[in-house]
Every structure is written in C-alpha cells, then in structure tokens.
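First chain A sits with chain B, and in the next complex the same chain sits with chain C.
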Partner chain A sequence: MYVATKGGERAIDAAHGWLAAERRGDPGVAELSIAQIREQMALAVNRVMAEGSLYDRDLAALAIKQARGDLIEAVFLIRAYRTTLPRFGASMPMETGAMQITRRISATFKDVPGGQVLGPTFDYTHRLLDFALMAEGEAPLAPRAPAEEVPAPHVLGLLDRDGLMEPVPEGAAVPPDLTRAPLELPASRALRLQALARGDEGFVLGLAYSTQRGYGRTHAFVGELRIGMVAVEMEIPELGFAVEIGDVELTECETVNQFIGSKTEPAQFTRGYGLVLGQSERKAISMSLVDRALRWEELGEENTGAPAQDEEFVLAHCDNIQATGFLEHIKLPHYVDFQSELELIRKLRRGATAMNEAEE
Partner chain B sequence: MSNLSPEPAVRAARMGLLARAPAARLAQLFPDLPAHDWLRAPEIGAVMLRGRMGAVGAPFNLGEMSVTRCVLRLSDGRVGHAHVQGRDKDHATRAAALDALMQGPEAGRIEAEVLAPLRAEEAARRRQRAERAAATRVEFFTLVRGED
Partner chain C sequence: MTEAYSFAYLDESTKRMIRRTLLKALAVPGYQVPFASREMPMPYGWGTGGVQVTAACLVPEDVLKVIDQGADDTTNAVSIRRFFQRTAGVAVTEHTTEASLIQTRHRIPEAPLKEGQILIYQVPIPEPLRFLEPRESETRKMHALEEYGLMHVKLYEDIARHGAIATSYGYPVKVEGRYVMDPSPIPKFDNPKLSGNPAIQLFGAGRESRIHALPPYTRVVNLDFEDHPFEPTKADAACDLCGATTSYLDEVIMDDAGGRMFCCSDTDFCATRRAAGHAGRLAPGGEAA
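So, the complex of A and B:
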C-alpha cells in the first residue's frame, strides 16, 4: 500500500543542491566538458549508448557527467530521454559485411580474406598502470600503413559455402520491438537479440561465462569479431527511395559452435550472434554465447536447466534499468507496509506468549 | 516550379554525403542560408536501427539513433529534404537547403564549393582509418622446423 507523504520538500531540495556540488567536485580542479568525456571516456560512452539503446555520443557523455560516472544511472537518463523522442521509422537492416573495418579478427582461421586487423585493442598490453598518463604530454599519433581496398567478407560465409554451417535462420521481415509491445514468452530470436543488445554488460557476461564453465555448454569459437563504421540507410516515404542518414560504430561477433547433428540435421557448425552499438567486444562476445545457448530448443539440444538456457530467466533479468528500478524502490518509504508487518509480528508473538503461559 | 528531379541514386548519394558531413564544416562551407519556408520544421526524433541475425539473416531491432529531419521550400518552389543523424537542427536545415538548391542552376557552384570538399574530406577520413587499420594487420610468418 502506498500513501502520499508530505514534508520532505526542503530536505529533498537541499539533497539535490548537495548532489550538484558533489558532482562538480573540487572547484579548484577544471570542470569536465562533454567533448572531453565523449573523446576520452569513449568506451564508457559506448556502453551507455548500447544499454541506453540510443546511439548519440554527446547525449551519452552528458548522461555520464550528470550521473557522476554512475553508468547505470546514465543509462537510466538516456532511456528516459529516449521515450520523449518521436519515432521516425526504422533503418534498413545494416550491412555489416560492408563495414569500414577498425578491427577484425578470427580465432578459427589464420588466413582470412581481408586479413586479421587488430585495431586499437587492449589485447597484448601488459595491464600495468601507465604513470606517464598522469602527466600531460603530446597527443600520440597512430601508426599508418598503405591501405589497399580489400573486401573483408564475413568469415562464417566461407564455411557456409562449404555447407558446413547451419543455414541462416529465417524470421519476420518486420521484427518485433521490445520498446513497443510487452515481452511475451516464448520470444522469437529477434526479440531475444534486441533484449540482449540492450542488456546489462555484466549480467550478459556472467551468463556467457557460466556457459563456458559448463552450465549449458556450447563449445564456442569466435569465428569472427569485427568493429567498425556501418552506414545507416533509411527509406524516406516522401521521396520514395532510401537515403544514408548517418553512420554508426558497431561491434559484431559471430561464434562457430559444435553441433553433433540430430535426427533431421547432419553434423555441422551452428551460429551464435552478437551485435552491439559502439565498440564493446566483451559485450558482443557475451551476447553471441548467450544467443547460442538460448537456441537449444530450436536445435533439438538437451535442456540441462542451465540459467543461460532459460529464456524467461535471461530476458526478465538482463535489463539493468528494470532491475535497478525494482531493486532500488525498496529503499523508498514503505511505512504503511512495514507497519502492517510490525502488527503481524507483534500479534504472532502475543499468541506464542499466551500459549507458553497456558502450558506452564 | 521545377520538376527536374535528379536521378534518385545521385540525389540519395548527395543527401548521404550531407548527412554524414561534420555539422561545423558544413556551416563553414555554406554559411548563408537561402530564404525558405518550412514544409516541416526541424524536428528531433529517433530511428530504430536494425541488424541482421547472423549478420546476413532476417532483421532484428538493435537500438535507436537520434535523427533530425526537416523539409523546406525555396521561394522559387524547389523543395529540399533532410534526415540527418544527431540533434543538430542547423545541420538538417543546411542539408535540406542544399538538397533544394542542387535541383536548379546553383548545382554546379554548390558541387564545387560544398560537395566536392566534403567528399574529399570524407575520403581522407576514411583513408586515415584504413591506413591505421592496415598498420595493425597481422603479417603471419611460419617457422619451418625439422628436415624436409
């Protein structure tokens, strides 16, 4: 039961005033600009865009500043803003095969057309704190090398050509949209991918890790991981043709998974898929593992009762805004609820005491 | 009113170039807007971005992107459209004005003064990314062991 309570306004105003001062921190230290956050905290910005489910670097940077670096709070701000925007329509499906590659690696084939491109990766760094970053220095320059125009086709397409890969699953031409209709189970794969793409990175990572440790194992290899810029094209009804309206950075992961075959299918490789707004390969790999684990029924695999195989468990808990909203609401006034609990406990204790006395 | 609508592919390519251009650079190259009326005043909204399951399969909804759109009409009746990533109304307005102007006698001048520089700068940005990527391409070499 909820009852309106009054009397906190002055305290709330003062709390918000203090929050603003704490956000600013020591006034003797220069204030962060949105551009600085956008450029130098780029991966935090990417995470807020992915989980906020809105590609807008400046807004994500603003949200991070406003949230004092609390990324889930920042995601919350973006989600709230998102709901105020009119929907102009949907893009045409983005063609990641035509991506301008920043990074592209395959763990399954050494020699792939287009090559293995490491890009700006943390891999192979020694994970030692770099104290040089504490001092101001010259802006580093990225090395360059002559670039040839070589196509980088999807690695899994090469396996597909040999018939060793499961066919690409079909689906509706107009996919269902989580933001427009409440989630119904069983969900289609399209809906699951949407939920995972905006799901909490930590939660999806934990689930993916659980499949590697044996809770719904899928024997995944990273067939291909690619990061880069992809054009966004949209059909403009007034014009009657499609126009590029911008470009976005995406991270895509395709896993190759062992599949021993079934009564109807020969032994072949199957696919897990991850696609994330911005640069976030941890999230993309995690997403592809969980996507593959959730496909157990479609592929006729055993349900081992693993959390990552449980669609309802995964989809109902992967959204950090839903989770934090419900979790944090218990700190808000529940005076009347609690009053009734108190009454109940007292009554039970009175009853027990009376019974004890009667027995004595 | 001129109905000389250009080939859709040519117009679409131009509109894409204008949408992808950095707003500040566009304002520098094309500072003075022609007189115009709004058919649809600049409006900020969202477009749902779609991916494909397994990179090449059926579509799914990935997440949204902020977009600004507008439609304007020049005093001679030419109509210009813009759908531009982001929330910059000024960017969308300039893109729509250029779309309209490109349908008339100013086309040659705008191509030379605005579109050609934008195209060259975009190509340079792409080349820079490609060259940085190329520098991180792994060149494997194999060590042969034992006797042949």
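So, the complex of A and C:
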C-alpha cells in the first residue's frame, strides 16, 4: 500500500525533537550561556549582527546558540526577528571621524595624525594552536593604560584637502532601505552599500578578491581602516533637535584607488567605501573593493564584463539568506514536476524510437 | 508567540503594502508588480511569497487549506498550515470545497474552484523570460514592449530538436492577450484550469519581490503553434487507490523489481472519491488487488 508521504506531522515533530537534543549535545557537558557566546565568540556575534542587519549582541548570541553555531542559520533567525520590528526612521549621518578608536591603521602613510593603533588584531599572530586554551587555564589579563584623547581625523580627508581625492559624491537626505522597498535597478550607491553591508562575507570576499586578480581592476590601497564605537544620533520630531540614542561598534574602510582624469581634468585618486556593524575588517575591506569596482560607469571606466562590475549580478546574489533558501529548497518535494518530466521524456523517447524503427 | 506578533504574523503596515500590490496586480493581470518582500521565519524557497500573500489576505473568518504537490500532508504544507494556525488562529481544512483560501505549491486542485475562493501560488521565479535572458533590467523592457519573440523561438527550437515543446511544468501562458506569464511550476496538465477560473488567483514570489495575479474569469492562453497545439499530459493510467482516470497522478516506485503504482497527486480529491465508494486497482476490496 501507498504510505510514502503519510505521517508528515509526526515526522516534523520528531525531527524538531531530535534537532533540539542534537543542539544541546552531551548533557554531561556544561551548557553554553548567551553571555559566554557574546563574550568569547564575539567575532561570530559580529558577523551575525552585520549580515542580520540588527545591532544586538545578546540576540545574535542567542541565534548562534539556537542555530548550533551555523552562522548563516543564525543570520536567518535574526533577519526573521528584525522583519517584525517597526522602523522609526533614519538616524543622523554618523560621525565616524569622532569614533572612539580601538583599532586604526593606514597602509598609505607611515604615520598619520592620531597615530596608527594596532588594537586587538590577529594580523601579526603566529597561527599556532594554543594548547594552553585547551587546558582551560585563564588567559593572563592584558596590561591597561588610560586612553589618549587624540583626535584622529579621516586619513582620506587629509588627501582631500590637497585636491588629490575625488570629492565625496552627495548622497540622498534619507537613505534608501532595501528591507522596506523592492530593489530597483540601477541602484544608487547608498543602496548598493546597504546590500553589500548585509551581504554574505564569503561572497563579497570572493568578488573583492576577483578584482585583485584582474576581473575588474580596483588597485586598492587601504587608506584607512578604523574600528571603534560611534554615537548614534536621531532627530526627534517632537523635540526639534537630535539626541544621542546609543553607541554602535563599526568597522570602516576607505580605499584609495586608481586615478581618474584627462588632459583637462587633473588626475585624482578615487574612493571605495566599506562600513560594517561590529568588528569585521575582512568584510569592510572586501566591501570597499566591490563598491569601487561597481562605480565603473560613474567614473567613466570600461566595463570589462567582470562579475564584480555587474551591479545586477552582485546585488541579486550577495544575500546569503536568499541564496541559501533558494538553493536548499530543491530538497523540498518536486514529484509533481518530476512526474511531468518523466511523461515528457518517455514521450520523446517513444517518438525517437518509432522514427528509428521506421528508418530501418 | 501570538501575543508578540500581529494577526497572521505580519505587521499591519506591511499587510497594507502587500494589499496595495495585490490590487495593482489584479488591475494589470499577468504583470509582475514589485513589492517590498519581507523576511519571513521560513526560508526563501519554502513559499515566503505565498505566505506573505496569504498573511495579507487572511481574515479571522477564513478557512485555510495548504497543499504542496497537491497533498495536504506533505511536510511543508503541514508546516505552513501550522504557522497560520499558530499566528492567525484560523480554521483549517483539507477539503478544497470548504476552503475560502488555498495556498498551493505546484498544483491546482482537481475540484473546480468557486467564486469567492482565493488560490495563492508559491512562486520560485516569476519571470517567464528569465532563462532566456538573465537580466531583470532587460526582461522588464521586453514585457513593456511586448517583445516575446525570444520565447516563441525557444518553443520552436524545442520542436526542431525534440519534435515537441519540451516544457512540462511552468508552461508559459499569455494573459488577456498582453503579458506572458509564468504560472509557477504547476504541471502543464493544470494549465487549462488557469483560464476562466471563477476564483481569484494570486502568485507570490518572496525572494524575487514580485506579485502577479489573475482576476476571476481571466482569459489565459497557453503559448503554442497551430501545427503543434498545446496538450495537457498526465500518466496514461488510472489512480490505483480511487480509480480516477482524469486526475493528475504521482508515480510511486513500490519495490526494486520495477513495480510501481499511480495515485492522485491531489490527496483530498482521492480521499473524497474513496469515501464515495470508488476504488482503484490496489485499494482494499478493489477490482483486482
């Protein structure tokens, strides 16, 4: 008798139960707390906040726990929560020049006003497994020093003063939001940046890398990379002035790229821009390279057909929640469609066989 | 959960946005209207478009039916039905005739629909021209200019190569003589039910942020050629459970010796027939079990 698809309800319940048990793992091992994930898996939390487009470390940590450490699944949980939240409005433009810096480097100048601050980086660590961490010993506390109150203006601003940088193009007063309006192409730069900021880190990294290897050249120097806390201000209509509503940690990357110019226009460096929630410099640098590559038309460059120059290709495929959903949906039953393909292929084969027999 | 969320999950302003899109889609049958698709708590590809359209249409008095591959008991149909039971508390049914709103994936029910019913399709790729031209900016232009030559060339090339049009599901149609439309991946067996249907038919594509629609009694024509007319197809067999000869059949492999059986893909249609005393080849007490 035909029993194949019966029992869907029981199967779902059983699968959910099994999943919950697997998520917990061996009950003999202590359960992870949200605070532990938030504090000790901070870069995973940052990635989930950035791609989930929601700045909440505790919720991101909860999502990671619930997703068994699958970060794309965690991003999905955050997105599905975020979508139910009301949008109150847009903040004032954030003054990243006034960032409380934890890391700030420039690859274009040996020293810059405000100094080079290495901060908590993996850059110069030797990637040797530290078996002391396995022995569950407490790491020694880092020595502390009071922060120096030195202004650290944007490095590209210094070049700008000499007219060597292209001026920053004006943006719209109210930025577009692709979570509230359907994506229309061609998109503005602000909208592209939003899509990239919440795009998949691996996808954006791969595109950025491709521009370094000749698929749409970007010739990027990291003019400045800075990470730190920035105040968020919002204008409250009832008050008539802006008030600070909180701080967020941001990673900002500005690249200096190849010139534009002609016989009449003096040559200038061009810009690529990346801005990501939390500490996520791989993503911010990647984003600034892809941003620059996408600006080919605006800057009068040649379209070489490189994927990173193709706005429609990049924007349509950078979202990992869309991508993973559509990719994985082919697990769902398709037997109706497959059945119609079976009928068709049998019919085509019958036709071909009959024709062969007729020829013989 | 229900206290923390609006009726049917989506907030009211989102539902209003979707309803406006639906009105536009109904006013321009077959035209794909962009809408600000929301992220839903199920993955893209699982029917987020259909779920958003259902959420925007549902009222507390509705009776909801959800099917996937024609069946009420496939896992995703169960999951979506439960979602609306949980978030909207609406009554649910498995009977096509009792439902006021039916969300479907890949099938149109066998039982004829009536005025007042709404059929909501889950749509993966709403653009019928997508696999001929990958760029949205181009395909929108082609629709605007009614430039459908590429599609006819594709169908012609099928005939030249295979002797027949090699599209068996998601078969393209023309709506009221204007827009070429993708009916979602229903088998072409179901295409004739698209035309002149008394029910409202709504198509939601979540990941692609598009909604299109067919108002009741819309004329829908399957693309074909005079010498190669459209022909709906199904397995050349009768249902082994209820004996139906006119319904779309699933083929089920029974053993590893080539044994197979056929049964209605529409579970409600099949169960209703069996309850009325019809029996197929393999039904208990059937003709030749």
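A few remarks follow.
We take it that the second predicted complex is superposed on the first by the 344 of 360 C-alpha atoms of A that agree within 3 Å, B and C clash if a C-alpha of one lies under 4 Å from a C-alpha of the other, contacts with A are read in each partner's own complex, and residues count from 1 in each chain.
Please note the rule applied: a contact is a pair of C-beta atoms (placed from the backbone, for glycine too) under 8 Å apart; a residue touches a chain by one contact, two chains touch by 3 or more.
For clarity, every value in this text was computed on a predicted model and none was experimentally measured.
Residue contacts after overlaying the shared chain place A:V29 against neither chain B nor chain C.
Of the two partner chains placed around the shared chain by superposition, chain C is the only one that A:I321 touches, whereas chain B remains out of contact.
Contact comparison for chain A: of chain B and chain C, B touches the greater number of residues. Of the two partner chains placed around the shared chain by superposition, chain C is the only one that A:S340 touches, whereas chain B remains out of contact. Judged by the touch definition given at the top, the superposed model places A:A242 against chain B, while chain C stays out of reach.
Contact with chain B, but none with chain C, is seen for A:A190 once the two complexes are overlaid on the shared chain.
Contacts of A:Y55 after superposition on the shared chain: chain B is touched, whereas chain C is not.
In the superposed pair of complexes, A:A173 makes contact with chain B only, with no contact to chain C.
When the two complexes are overlaid on their common chain A, residue A:A139 makes contact with neither chain B nor chain C. Of the two partner chains placed by superposition, chain B and chain C are both touched by A:P86. Where the contact sets of chain A with chain B and with chain C meet, they give residues 82, 86, 179.
Considering their complex, residues 8-9, 11-12, 15-16, 19-20, 43-67, 69, 71, 81, 83-87, 126-138, 140 of chain B touch chain A. Across the complex, chain C is touched by residues 1-2, 4-9, 11-12, 76, 79-80, 82-84, 86, 179-186, 312, 316, 321-322, 324-330, 332-337, 339-344, 347-348, 351-352 of chain A. Taken in their complex, chain C has these residues touching chain A: 5, 9-11, 13, 34-41, 43-46, 48, 68-71, 73-79, 105-107, 124, 135-137, 162-164, 166, 168-170, 185-189, 207, 209, 233-235, 240-241, 248-252, 261, 263, 265, 282. Across the complex, chain A meets chain B through its residues 49-50, 53-56, 58-59, 82, 85-97, 100-103, 110-111, 115-120, 142-149, 154, 156-157, 168-179, 189-191, 193-194, 197-198, 229, 231-232, 234, 236, 238-248, 250, 252, 254, 271, 273, 275, 277.
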